[in-house]
Structures are given as C-alpha cells and as structure tokens.
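First the structure, then my questions, so here it is.
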Amino acid sequence: MKTSDLLAGIPALAGAEPVTRVTIPARLDYTYTPGAAQSRFLNALTEQRLLGERCPQCTRVYIPPRGVCPTCGVATSEPVDLPHVGTVTTFCIVNIAARGLDVEVPYCYAYVLLDGAHVGLHARIGGIPHDQVHVGQRVEPVWREPDQTGVQSRPSLAAISHFRPTGEPDADPESYRRWM
Amino acid sequence: MSAAVNPAAVPAGPHRAVGQEPVAVVGVGQTRHVSARHDVSIAGLLREAAVRALEDAELTWADIDAVVIGKAPDFFEGVMMPELYLAEALGAVSKPMLRVHTAGSVGGSTALVAANLVAARVHGTVLTVAFEKQSESNAMWGLSLPVPFQAPLTAGAGGFFAPHVRAYMRRTGAPDHIGSLVAFKDRRNALKNPYAHLHEHDLTLEKVRSAPMLWDPIRYSETCPSSDGACAMVLTGVRGAARAPRPAAWMHGGAMRSEPTIFAGKDYVSPQAGRDCAADVYHQAGVVDPRRQIDLAEIYVPFSWYEPMWLENLGFADQGEGWKLVESGVTEMDGDLPVNPSGGVLSSNPIGASGMIRFAEAALQVRGEAGEHQIDGARLALGHAYGGGAQFFSMWLVGSERPDS
Amino acid sequence: MSDVQNPAVLSAPLVVEFPFTRSTGPVVGAFLTGLRERVVLGIRGSDGRVLCPPAEYDPVTAAELDQLVALPGTGTVTTWAWNERPRPYQPLDRPFAWALVRLDGADTALLHALDAPPPDSGDPRAVRTGLRVAVRWADRRTGAITDIACFEPLADGSGSAGGER
Amino acid sequence: MAADNSTAGPGREVAVVAFAQTVHRRSTDQLSEVELVLPVLHDVLKQTGLTTDRIGFTCSGSSDYLAGRAFSFTMALDGVGAWPPISESHVEMDGAWALYEAWVKLRTGQADTALVYSYGKSSPGCVRDVLTRQLDPYTLAPLWPDAIALAALQTQALIDAGLADERALAATAMRSRRAAEANPHAQLRGSADVEELLKQPYEVRPLRRHDCPPVSDGAAAVVLAVGDTARALHTRPAWIRGIDHRIEAHQPGVRDLTESPSTRLAAVHAGAFDAPPDTAELHAPFSAQELILRRALDLSDGTEVNPSGGALAANPVMAAGLIRIGEAASRIQRGESRRALAHATSGPCLQQNLVAVLEGEQ
C-alpha cells in the first residue's frame, strides 16, 4: 500500500505529491550532575591531582571513582592520590569521528592503568606516531594549560590533554595482566 | 580469570525447574533489513515482522494473550517508551504489554521474558517483537552523546570494542587475517538469506582484507551495518504447538547474566557473565559437550573478531583456540559447527532486533524452515546476544524435539 | 584543598538535540499530505467509525486501515485545558487552550491548540466544551501536524469551511 | 490460602518480604543515580539478611529519557554488586513492571528470591516536557503537549461529565498530602484546607498546582520470595494474590478519558473484585486520576485510599508505581491491612495500568 494509492480516492488530493518523510527536530535541555564521587575526582583534576577511591571491602582502587565499588556494591570513600604514571594495557586508533563530538581524527584511544589503580583510565595517547604506541608502554599525563579565559580551570577530564610516553622500559606484563 | 564456571552460576538440582510449561516457537517473522525503510512508519516496520510471525503460526491477533517488546535506547528513534504509541499496531490494546531494555542483548532478553510468561503458565500464547529504526536518527550519535566533564573519546560501538579486540589478538597470538575470514564468511552466508541487509555479490576476501581501518584493529569491512529492521516470534506451550501448522522449535534452555560495566579485573575478552550464562543454558539442556552436541550457533558478532572471542567464551573452543576453528573452516556453512548461517549481525544490524534475530534464526534452523541457508539435520541450535560493555548476555538453546520427550 | 575534600556540587548543561527524520508510511503520509493541501483526512475503522487523526491500525481489532475520508475543517471541542503560560515549542506563544476537537464527520478527536478567549471571559467565542471551531492553516505548510497552526472559534457556528490567513 | 508449592514451578505463591524507598526530594543534584539507589538496595538486603549472591533474580525499571543519557541503567547496576555475575533484566518502564517480570520469573520456578529496584531523577530535565516525547511522534509529539496539559484535558472531561468538580479535586489533594504527614519519605506533607487551595491560580486550567504531582527524585527497592522462603525471610509476608496489567489505545482522542477500562480489566484478572480491599495505593499523579481509578476499581468508603499520600505527595517517575506496591505490602506487614490493592500507571492519561492484590497470611 502506498500513500499515492490511498490519496487516489480523495478527489481534492488526487495527484498531490505525497508526503513520505518529515523532519522533526527535538531538543531537550538537561542539567547534568555527575554525583559526589565524580565531583571529588573532577575537582582534584583542577589541581592536577589524580584522585581515585578505594573500596573498603575488596581494597581495589577505582579511577575515575563512581561512588560505588561495582563488584562489592558498597560505597567507596577512601581517597587515593595516584601517581602521574601508568601503563597502556590496550588501545585502538580511531579514524572516524562520531557526529557531534568535537575531536580530530585519527587519534589513539587507550586504557591507561595508573600505578596503584585497578581499572584503566580511558585516555588519548599523543606525542608519538600511532604505530609506535604499544601495550605495556609507560605513559604520563600532559596537562592542558589554563588559558586566559580560565576555561581549563573548570573541572573536566579535558584537563588532561593526553598521555605521552615516559621513555621508561615497558612494564612487566604481570603488573597489568589482570587490570586491563 | 579462571576458566572454571562460577559455581553460583548454575542452579543445583534438576536440569530445568520442575513443572514449567515447555515453550515452543511456532511463528517467526522478520523484515528485509535495509539501511533505511523510507516506506513505513515505526509502527509499520514492527507490524510487518509481527504479521509474518502470525502468518507463520496461522494465528490472528485475537489468539495473542500478551505482547513483549524490546529495543535498544529510545534516543535512536527519539520516542520515549515507544511501546505506548505502538499498542494498536501490535494488537496489544486490552492486553498486557511489557517493554524490555537490556542494551544490545535486548532482543534475546525480550524473547526470554516472553518465554517465561508461557513457562510460568501466566499466558498461553505470547507475541514478542524487537526492532530498531536507525534511519530516524544516527546510531553513532545515539551511542556517543557527549557527557559533560568527559573528554570525547569513543566513537560509537566500534571505538568502544576495538581495544578489546586488540587485547584478544595479543592474548592469543591470532593472525591478523582471522577477522577478514569471519567477515567474508558471514557476508557470503547472507547471500542465501533474503532478509539480510548486505548482499554483496562481488565481495572478495581481498576486498575485505584491504578495506580501511575504522577503529584499528577493526576494518570497515569487519563492521556491522546500521539497519532498519524488526523481528517477531510467536511463543506458546504444548497445546499451542499441537495446533501449529508447521514444526515447532522447542526451548531447551534459556538464561540471562549480567556483570558491571567497568570493574577491577573485568575480562573484556571473555567476560565471566557470558561463560556463566552459557553454562546455565547447557546445564538446563543437558549439554555437556557443546562442540559435539550443538549443531549450529547464531552468535551476536557485530565486529568480526567477536566470532573467535565468543567461540571461546561459549565453550566451543578452549581459551586461545577460537581463531583456529575459524581458520580451519569449522564455522563455515559446511563446517561441523556452522556459525551465523544467516549472515549474522555483520550482515544485518537493527540493534534492538539483532539479538532476537539470532534467537529466531536458531529456531528456524531446528524447524527446518531456514530456506537456502538451512543447515541439514539441525536438531539443536544456540541463539546468543550480548550488550552494554560486553556485560549483558542472553542465550537460548532450541531443539527440534520437545525437551521432556 | 578543603574544597576538594568537600567539593562543590558540579553541574553542567546537557543538550540532547536531533533533527529526527521520520518516514511516515502510507496512512500518516496521506494525512500529512492532506494537511499540506489544506484537507483534513480521517480513516474508517473496522466498525465504520471515522478516526481522526487517522490510525494506521484499528484501536480495537488491530486491523490495517486504508479507507480515507476527507473531513471539513470544522468541528466541536470535546474537552479543553487553558494554558496560561505556553511552554517552549508549543503551537502558540500566547495564552491558548489545548483542545480535543472532534471534526465534523469524525467519531474521535484530534489534539491541537485552540486560539480562543479564555474561559469565563464572557466572550461567546470563549473556550468551552461544545464550542464550534475551525482549522486555522499555517501560512507555510510542509506536510506536518503543525500545518494546522491551531483551531479557532467559528464566528457564527455555521459549520462552514475553516478560516484562512 | 497461601498454598506452598515452592518445590513446583507454575502456581507458586510469591510475596513481598522487604521494601525500602528514599526520602524523595525535588532535587538530588549531589548524587549520581547509583549513589541515589545504593541506600535502598542496602536497606532491603539488610531487612532480609540476604546478599546479592543469594538473590535468584534481579530486575530494574528506569528511563534513559529522564536522565538524558542512553544506557543510563547500566551504571546503576554498580549499586547491586553484580559479581559474580547475576541473573538480571531491565524494563524501560516503571519499577512496578520490573516487579511483574520478577513475579513471572519466580512463578516459573527458576528462582526463589528476586530483587526489584527502580529510580527516577526528574530533576536533570523538565519532566513535564520530557514526557511529551512519549507521544505519537507524528501527530502529537511535534505539538509538545506537556504532561500537565494532558492531565488537564482529562480532568476537564471528568468535570464535563459531572463526575468531579474543582472542590472535589482539591479535597483529594488535601487528603493525600495530609495523609503524607505520617510518611517520612514523602516530599509534600500537609496541605492548606480546600477553601485556601481553591483560591490559588491555575497551572493549566482546570488544574491548580495542588492537583499536580511534585517533581521528585527518588528510588525504591523490593525483595520478593516464594513460599517457605518468604516465610523464613519475614514473619508476615505480603502475598501477591494476583497481578495483571493492561494497555489502551494511545491517542487520547480515541479514548473516553473519564474511564480507565485497562485498570478495570487488570483488576478483574488480578482477582481484585473477589473480596473488598481495606487499603488501596493508587498511582494517580493528578488528583482527578484518583477519582477515575476509584470508579474503575469500585472502591467504597470502606477502603482507605493512599494512606501514604500517593503520587501527589512524591512522584519519582519510574519508581512511583513500585512504591505503591511497596507501601501496600508494608501496611500488610505492619498488620494495618489484611487485603490491599496496589496500582501503577504509565503513559498519557492513564494509558497503561497495573493492579496487584496483596494479602497477609490467613
């Protein structure tokens, strides 16, 4: 059944160019709040601190913390300042940008296991050709300098521009095998 | 991670809960999956699959006691809880209607929720439907809505899963060409499936191998398409099956398992939830050696490397050995464990429906109703779906014989 | 340091916006084509009732429907709600009534805005149940429900064709 | 009456053995969704002495559109502690329907206990506008008729039919919010008298602010168990004697908005009319909807309606229906009710409705 067939029975509309598609924009405005644990983490970033949280039950350290240990189902509360060095546990090279995302392609998207953490932080790797990025590589954050408008002093993960290699030898695979 | 099954995953006692009504699939319908169904409304798309399922079962709307519908995020079509607007199209007015959402696994979960209504004898005959009309918006947009305070990092599902694929390659030493073999196989299988989205008659293995990297190590050719499509099934019990005009597929086991999105020690390559889910389903069906006892599998493989990964996760291959099954042709249409004879998610991906299509294709095979992509003598088949951060799993085993016979 | 341990609550605007492209299918497409051409269409249901807006599938039997009926642009208010403070994107940006309007010849009602004087204003054209109304067409029509700008009271209650501007 | 068939599958008796809810607030912007949910999960587990790994099935209800983010429910799962992996599902509906899915699961015999939870943070967006996205995307949603406008159309229809007037609406609102004074979880507690309420301006006429629900953030959780397991977990389980839900056509203009036939049908299938209830917890976000539901359920003066204050006192969208079941069960467990109805609704103008009948041991 087609629109034109249906319209054929209506004298006033016989032969009218049928509507088959309609564009309907929709916009909803929200106020996003990341919650207490993420706020603690994000505020620490403005001081160039990497603040994880430890689960009181299993003692694992989460960064970014989400307020709850997902395996124990209990609140994380003990803050842990993590060192500014970690290991690439896996990565990919993104060659295609998602619509609406303000990002230049290609870029290297990696899991960086900060020393002392038990989950990888999702981050970009820069400062080297992409074909030299590898699993086990030791990396450190490159912080974005606040600009005159002070925009970068706002709490955001964008405070870390990317991670770059430290030049140290690769990490022992046993040190990160379980914590991709 | 230990390969051993978590003991809490498998209930003790009888294989299946005592006294459940056996569940039969007596009707299957799906749309021809395409990138954009410009000729139908959202309701029209679902309706097409539902009508085909009813016709297959030779039933009318009046024969349906309840409707269970599933889809992935509402943002894909921009309709919040669209089941409300779809009540008339699915003949649900004056009936119970449930809406399931378990991310990418939703098509499978939806079928299992519907099956439980029959198994619990709450309803006699249930229609279950899953869909996605991705052309109404843009899947990459829907999956990558910017979140304040985060740096824009992932680009759709491919960007999310590519690091896990790299981890698999590194862990197992699988050669680079395995992903291409899977993609080539599935796209060739799709040529035998009139409902498949991609019908690439001129595809060669060389073309698959030389396609550009979208999310290195995942190539364009190893990536699922974005589809409009719907799938529906009619589920019923013993009496309903006796009246059915065509052979039924009988459910021998069904299970869902979930684990957190991100956690310390998560095995992204072979998630424990997937292993536990498979172990539960096999246990229910009395399967002790899946590789020998299961005739074929419809597995949720949106990126080709997930075939070897899931072969290991599902116990069809030992850890690190999945890619060898692929390389040796075991999962080809004429191999001894055909995987995705329908062409799989790599050939059609209406996201919310993709899981149900896996379940429905498994049912078609054991009913002997799969047409040109029928696997001869298929008696026991696995349908599999996963979603979220490889954290939600749903599976069923369907057979040509009644489980209690 | 102290504000890190006891941080200010963070919040930020989050806009979810997309120009959804909807394919209409035959029935909704015909309805929207009609609106573009200043014709309101209904559809005949399984029991002979005329449904407007036209349903693709019968609300009682679920049958696929295909018998379109052209309706006059006039009808009767079956219920209403006075909206003193219109919200963003609503059809009118001054106080108006929401109304369910059963068009002449139809058995079900269409939801839209009604540009009428407020209830209890003493004006004979004031919104009330049973008020006779007509379609006011939008100047620019594209094939959308907003091609009906709103309804307006019929001056004389005669049921003549809808007013145009 | 509570025949224990817990060794068999279908036909097993299922009971509510624990219920918890947050103190509902206009805004919880200091909390993420999982931070909101966590305390109620801990509460119901503590009440039963169960741990996540001893729960047979978990099911939740929520909506991505409230949060403005796709897959928002996946992160809330962190609060459960889903490790080792759990048998789990999610409905994009009010938690009352998550409870229904869990009830079905227990009736199959595949599990003996279930954890059900739901949450709704309405504060991030403007919920009355967000709910316009539930409407027919071709003929309704482009006009943005908000939730209060739709309820106002329904209310005017009720007034035109002579079934209510503004005074009756105000009396309903007053009674709900005064009842809520005894409910420490309610958001709006206490009310001016009817005369005072009727002097207030209209929100969308004929609705005044008191006829509309507050905008609420909140969460709730319930534990279900079968047969003797339920008896072991609670001295006075609230047995679900029947539960059913039904949907109507979507367009408000094809329905008689003064009636709720789907509520009535669900009630028939749930066995609600087998004996009169002493309590009814009705999910009526708008005052007129309570009057419609009372008629659909044939409730007489012998039934206490919404002793919790109902959705007019706190309306965390996606949790408010589950809370009705929890409140009804709590009354039974406290010995304040022998037979209670619980009701949940979804969609514009009461489009979809669920009815459960709960009883204590007899």
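The chains carry the letters A, B, C and D, assigned in the order they are written, with residues numbered from 1 in each.
Convention: a residue touches a chain if its C-beta (ideal position, glycine included) is under 8 Å from a C-beta of that chain, and two chains touch if they have at least 3 such contacts.
Note that the coordinates shown come from a computational prediction; the quantities given were computed from them, not determined experimentally.
Trainee: Return the chain whose centre of C-alpha atoms lies at maximal distance from the corresponding centre of subunit D.
Mentor: A
Trainee: Distance-wise, how many Å sit between the C-alpha centres of subunit C and subunit D, to the nearest whole number?
Mentor: That gives a centre separation of 30 Å.
Trainee: What whole-Å value do you get for the distance between subunit B and subunit C if each is reduced to the mean of its CA atoms?
Mentor: 40
Trainee: Report the inter-centroid distance (CA atoms only) between subunit A and subunit C in whole Å.
Mentor: Inter-chain centre distance comes to 42 Å.
Trainee: Multi-chain contacts in subunit D: which residues touch at least two other chains?
Mentor: Where subunit D meets two or more other chains at a single residue, that happens at 29-30, 65, 68-69, 75, 77-78, 82-83, 124, 129-130, 133, 137-138, 141-142, 249.
Trainee: Of all the residues in subunit A, which ones touch at least 2 other chains?
Mentor: Subunit A, residues with two or more chain partners: 2, 20-22, 24, 26, 28-34, 36, 38-39, 42, 70-71, 155.
Trainee: List, in ascending order, every residue of subunit B touching at least 2 other chains.
Mentor: Within subunit B, the residues that touch at least two other chains are 38-39, 41-42, 75, 77-78, 88, 93, 138, 141, 143, 145-149, 260-261, 263.
Trainee: Touch graph of the chains shown: is it line, ring, star, complete or other?
Mentor: Topology of the interface graph: complete, with all chain pairs in contact.
Trainee: If we count contacts the way the header does, which residues on subunit B are in touch with subunit C in the complex?
Mentor: 36-44, 47, 61, 75, 77-78, 88-91, 93, 135-138, 141, 145-149
Trainee: Using the touch definition up top, name the residues of subunit D that touch subunit A in the complex.
Mentor: Contacts found on subunit D: 29-35, 38, 41-42, 52, 65, 67-69, 75, 77-83, 123-126, 129-130, 133, 137-138, 141-142.
Trainee: Please name which positions on subunit B make contact with subunit D in the complex.
Mentor: Of all residues in subunit B, those touching subunit D are 6, 8-9, 11, 17-21, 41-42, 73-75, 77-88, 92-103, 109, 113, 116-117, 119-122, 142-143, 145, 147, 255-261, 263, 271-273, 276-277, 280, 388-389, 391-392.
Trainee: What part of subunit C is in contact with subunit B in the complex they form?
Mentor: Within the complex, subunit C contacts subunit B at residues 10, 12-14, 16, 18, 20-28, 55-62, 64.
Trainee: Quick one: in the complex, what on subunit C touches subunit D?
Mentor: 9, 11, 14, 16, 20, 22, 24, 28, 31-32, 51-53, 55, 59, 78-84, 87-91, 98-100, 102, 108-113, 119, 129, 144-146
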